[in-house]
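Each of the next two complexes has subunit A plus one more chain, namely subunit B in the first and subunit C in the second.
Showing the complex of A and B:
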């Protein structure tokens, strides 16, 4: 690991100032940054340890119900960016308000890692692409070294993106939490030199096409820091699930991850449907066409299967015409629709 | 596990950023880091990049905590930080300053008779009773994880134990005996 300077600021403002320096990286739980730095995929000059900032700024480490916010469904929940995954997954309010979010955390990583990793850091985790993570063996990687090429393009890595990949990068976003947050319209609070701004979680992540480069995963500017996540209550979030399909029963990243929520009327009519995917595209994906197709009719096996197909259909308005062959990830186009359908049928009591 | 295990290349330290607040400089030599390990305070001379795992093994001479993958994928380096299980390989040693670090060496209790062997922790005894290891390399991590798993109350069924212990890999495949040992110790400690 390349050596670096290390500081442990006392306040979030000091941390943001330090993070704005060239080559600086924020360090919270360390489970992503230390791993990538050891692999040589990240080479920070300065590590800014924010893991103890909650002592000075308690909201960074708090889970709060925000009074007076939220619509008919109830209160908005605010999760501080430094809350650990373990604490959030065990939070009774979160488990009730949005089971899919709590499950997305409980099914991720291992208990050790969930004790360390924070929610803000979890969102910002980088792809598990083995070519990205191994610069010694694979110097070409547009995510690490823009313009160097993509070693994964013709490779056998089946974890790659099956939707929205480009010839410059086929990496898939791996996080479970982000999909669950995207499904239920969560917002990140970002503090930076210009003040505080809100961004929908769905808007935090950039595809290589959005960013103009595979090197940039998010729209965060230098010196900006996620300080909290606001999760609005909804009936669909209260009736939700996270279904994670992976190569082993635990401690593994999603091959396909689906966060789904349903609001059903007294006669079984679907009043609201939420579907978001992870592990299949460069960013967590909201499946809006699939959601829309479910509305106003009872949930049936046919409707769930159709929603699954729509969730994995190429967006006709999107840039998929230039997408490379999904190669080793082609199977996700067959598996994925079934995972969506299974999640919906589970929620509807039909599976 | 990564399909492409990589070496850990090192390169010369970078130029350091201007410091307005306490800083561990990359260019400078090691600096003292105060760690509380198994109740004893130790001051180790460390670089900022030193992992807690390397600090324990090579700085403090406590080699019970094992280096398996060094990438957070195997659990062999599991220790407790303030009573919670964590991976020493993904923790910078400086991050552990001021926190209670417990390693496998800190589990057994000193016997009343100073001449006698230390009294093993119930989980250590259960691993011996149930033959819960073969080569033994993953065992310290398994035991540290099991102690926490029992404390967290996640031993209601064998399935729950398997899930709660899933962060610790055993390449010998001693899993059935590990689950039995955790179950036995959980019953004993209940």
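Showing the complex of A and C:
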């Protein structure tokens, strides 16, 4: 492992200043950075340890209900970026307000990792692509070394993206939490040299096409730091679930992960529907066409199946024409729609 | 009705094998005596030693699978903290070690690293530095360039894999299988595949090597201290006695820690060059390419039966992969030959050389993949005949060894079938697949059986009784979680008449009395045998001291004494007796120290050396009048969500005949451990090979999927064995590996019963379930 400088700033402002330096990386729970540094996929020059920052900046480590900010008159829940996954998953307010979010945490990683890993760090975890993670064996990786090519393209890694992959990068975004947050319009609070800005979680992540390069996973600028997540209350979030499909019953990233929420009227009509996917594309994907197709009608097996198909249909507006063959992940195009349908049926009491 | 046929074979006693014996005797359920040290961290594992002056080695691996390499270590040599670099160009000539049969290696110089890549990930250079971090960083600076476009073979299952060569001496033939199959009423033919599997022991491999003059001490997790010491000694041209391997604890071996791998010579050489102790700890990723797991296998089976389901012929054509460097057969032939009474049989095996590290032993080599093919094929035959799969097995029950014609020492497989079927509720099983459903889950029940041969090697043991009244057992045999410490304490306690807590055990040190490899499920039998002999001798000396020493309070108390709870008494004397410590105090005797062995009378020093450092003295031999195996029957229930293809094992009942169990608690635990590896084999484990590069891409514990607790339902282990004194001196058979054998086919057969989908290549992952049509 390359030598690096290590600092532990006292305040968030100091941390952001340090993070703006070239080659700097923030260290919170360490479960991603240390892992990737050991693998040689991350080679920081400066590690800025923010894991104890909540002592000076309590909001970074707090879960708070913000009165009167909810989209539908309810409360918005604010989760500090340094709240651990374990703490958030056990939080009774979160479990009530957005079961899908709590479940997405509880089904992720292992208890040991969830005890260390933070919510901010979880959002920023990088792809599990094995070619990205092993520079000694696979020098070609556009995400790690722009312009070097993509070793995963044409390989046997079934964790790769089935939707939205490009010839430059077929890596899939692996996180569970992000999908659940995207489904329910959560917002990240980002502090940086230019002040504080809000960004929908869905807008945080960049595809290789968005970013113009596979190397950049998010729109965060140097020196910017996620300080909190705001999750607005909604009826769909309150009636939500996270369905994670994988071969191993625990401690495996999602082969397909689906966060879904429904608001049903008294007559069973769908008033609001939320669907987001993970493990299938370079970024967590909101399935808006599928959501729209469910509105105004009762939830049936057929409607759920159709929503599933729409969620995995190529986006007509998207630049999918030059998308590479889904290869080892082709089966996700069969599996994925069924996962969406089952999640919806579960919420509708039809599963 | 088969259930009734089996009724006489139901054991009279059900439940665990607990027969109420006290813990301090063989057969008692004493908890692992090394447990507290392990859970508190007091147990020092090999790589935790910190000798003064320690430096750290990092390996550099070949970035390509084949072709000439140029290794440039200049930048690494100049990196901070670096004290040595080892490259093919500069590495001194060593000598080849003999193989595990004692056959000498090739003449001439031998080097653990060479200028040619034989597989991707092969260790080809190393860097030594003052800290591990410096060594690892400098290793990344070693520039290795390979030839462009050098051809290589990635793996057995690649479409363009070489044909390989026939391993004719391993052919097993009786009768005329071809003719029998031609005349059979029903013949099924299918090909079964198992992938490359890895041990993923939680403790990765490595060593700390330290020289003192021409004496070498190695701290290294080792399943075979004497065998590995011999290899190190031969390579470095020093006497066997000059090498000491210390390995008191092993964090999982499963067959992977019994060989002195080539890379270990890098650390030993560097330690000699530098005059400092050198630590080489493989990274998790390196354990995937520096040592071999289970070779991938392919078995094409044809099984023919008459209209009643009586087998008329079995033909097996199998292949396994090996490396370019060595022959390692993972042969499904022997297991296919030992299960069923069949008049015509032929098994042939081929070896296919690919550019991988040489495969190795992984729990139940041959038997485990062999049972997968055979026991799935039997299930396919049962369905073709519309017969119950267990009834088909009973109809073809082998009353004698089909291959040799010898009687079995014991074969309580029928009892295992009976007990397992009853506990599982097998007889309620509907014959047709897709008959059971709950909500969106299909439920299936499958079963399979398996065997593992009983082998034995002589051993030595030393037993001391100290003046404090405690006993000590000493042996070079090893503990890797299977319970050696515990059962040897029980053995000595029983033989001498001590509470188990008054016996301490030292293991895993080549300076201690000799022991053969802890492998082949042989160690428990052979070590309890040797320790029982030594401990009885120690007891006899103790009694003689008490009866004859002038100062003994028990002088002339009779012809013999009773010893229990650490106190000596005259027979039929109900009194307090005399404690062992008081006896030593009264007599001034210095304690007792005896060494015994189970080698043949008149064995020479060379016999001893070969017994403990090779496998040549292992086995029962062709002259044994009986064939001896452990047997197991597994009954599995799976739940399959057909929309997703996910398979979850919901019940497993495993009924085992492993002869006498020296400690039922630990034996059950071993069977469960084996079964859990079987669950992994069935559903999860696979080195995913990228054929463009020739290497597994999932070389970490996150992506190489071994079962987690959530994948393991409660496993019920039922002991149906009886003491088998023909199999071993104290009546045990083979426990260590039998648990895995047959689990994968039981699960695959349950998946078929749930879904009608026959998946013949492991693991049964969700996309295979999605993509396989039912009843195809």
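Convention: the second predicted complex is superposed on the first by the 349 of 351 C-alpha atoms of A that agree within 3 Å, B and C clash if a C-alpha of one lies under 4 Å from a C-alpha of the other, contacts with A are read in each partner's own complex, and residues count from 1 in each chain.
One rule holds for everything that comes next: contacts are C-beta pairs under 8 Å (C-beta built on N, C-alpha and C of every residue); 3 or more make two chains touch, one makes a residue touch a chain.
Everything numeric here is computed off the predicted structure, so don't read it as measured data.
Look at A:1: by the touch rule set out above, it reaches both subunit B and subunit C. When the two structures are aligned on the shared chain, A:111 is found in touch with subunit B, with no touch to subunit C. Using the contact criterion defined above for the overlaid structures, shared-chain residue A:269 touches neither subunit B nor subunit C, since it reaches no partner. Ranked by how many residues of subunit A each touches, subunit B and subunit C are led by B. By the touch criterion stated above, A:9 is placed in contact with subunit B alone, subunit C being left untouched. Of the two partner chains, both subunit B and subunit C are touched by A:40.
Once the two complexes are overlaid on the shared chain, A:334 sits against subunit C while remaining clear of subunit B. By the touch criterion stated above, A:213 is placed in contact with neither subunit B nor subunit C.
In the superposition on chain A, A:140 contacts neither subunit B nor subunit C. In the superposition on chain A, contact of A:247 is made with subunit C only, not with subunit B. Comparing the two interfaces of subunit A, the one with subunit B and the one with subunit C have residues 1-3, 38-40, 110, 130-131, 134, 136-138, 157, 249-251 in common.
Contacts from subunit C toward subunit A in the complex involve residues 61, 63, 80, 120-121, 133, 136-137, 140, 283, 285, 439-440, 643-646, 648, 683-684, 688-693, 695, 697-699, 702-703, 705, 707-711, 763, 765-767, 770-771.
For subunit A in complex with subunit C, the residues that touch the partner chain are 1-3, 38-40, 110, 128, 130-131, 134, 136-139, 154-158, 245-253, 255, 331, 334-335, 338-339, 342, 351.
For subunit B in complex with subunit A, the touching residues are 2-4, 6-11, 13-17, 19-26, 47-49, 51, 70-72, 75, 78, 81, 84-87, 89-92, 94-95, 145, 148-149, 152, 154, 162-164, 166-168. Subunit A contributes residues 1-10, 14, 18, 21, 23-24, 27, 29-31, 34-35, 37-40, 45-47, 49, 51, 86, 109-113, 115-116, 130-131, 133-138, 157, 249-251 to its touches with subunit B in the complex.
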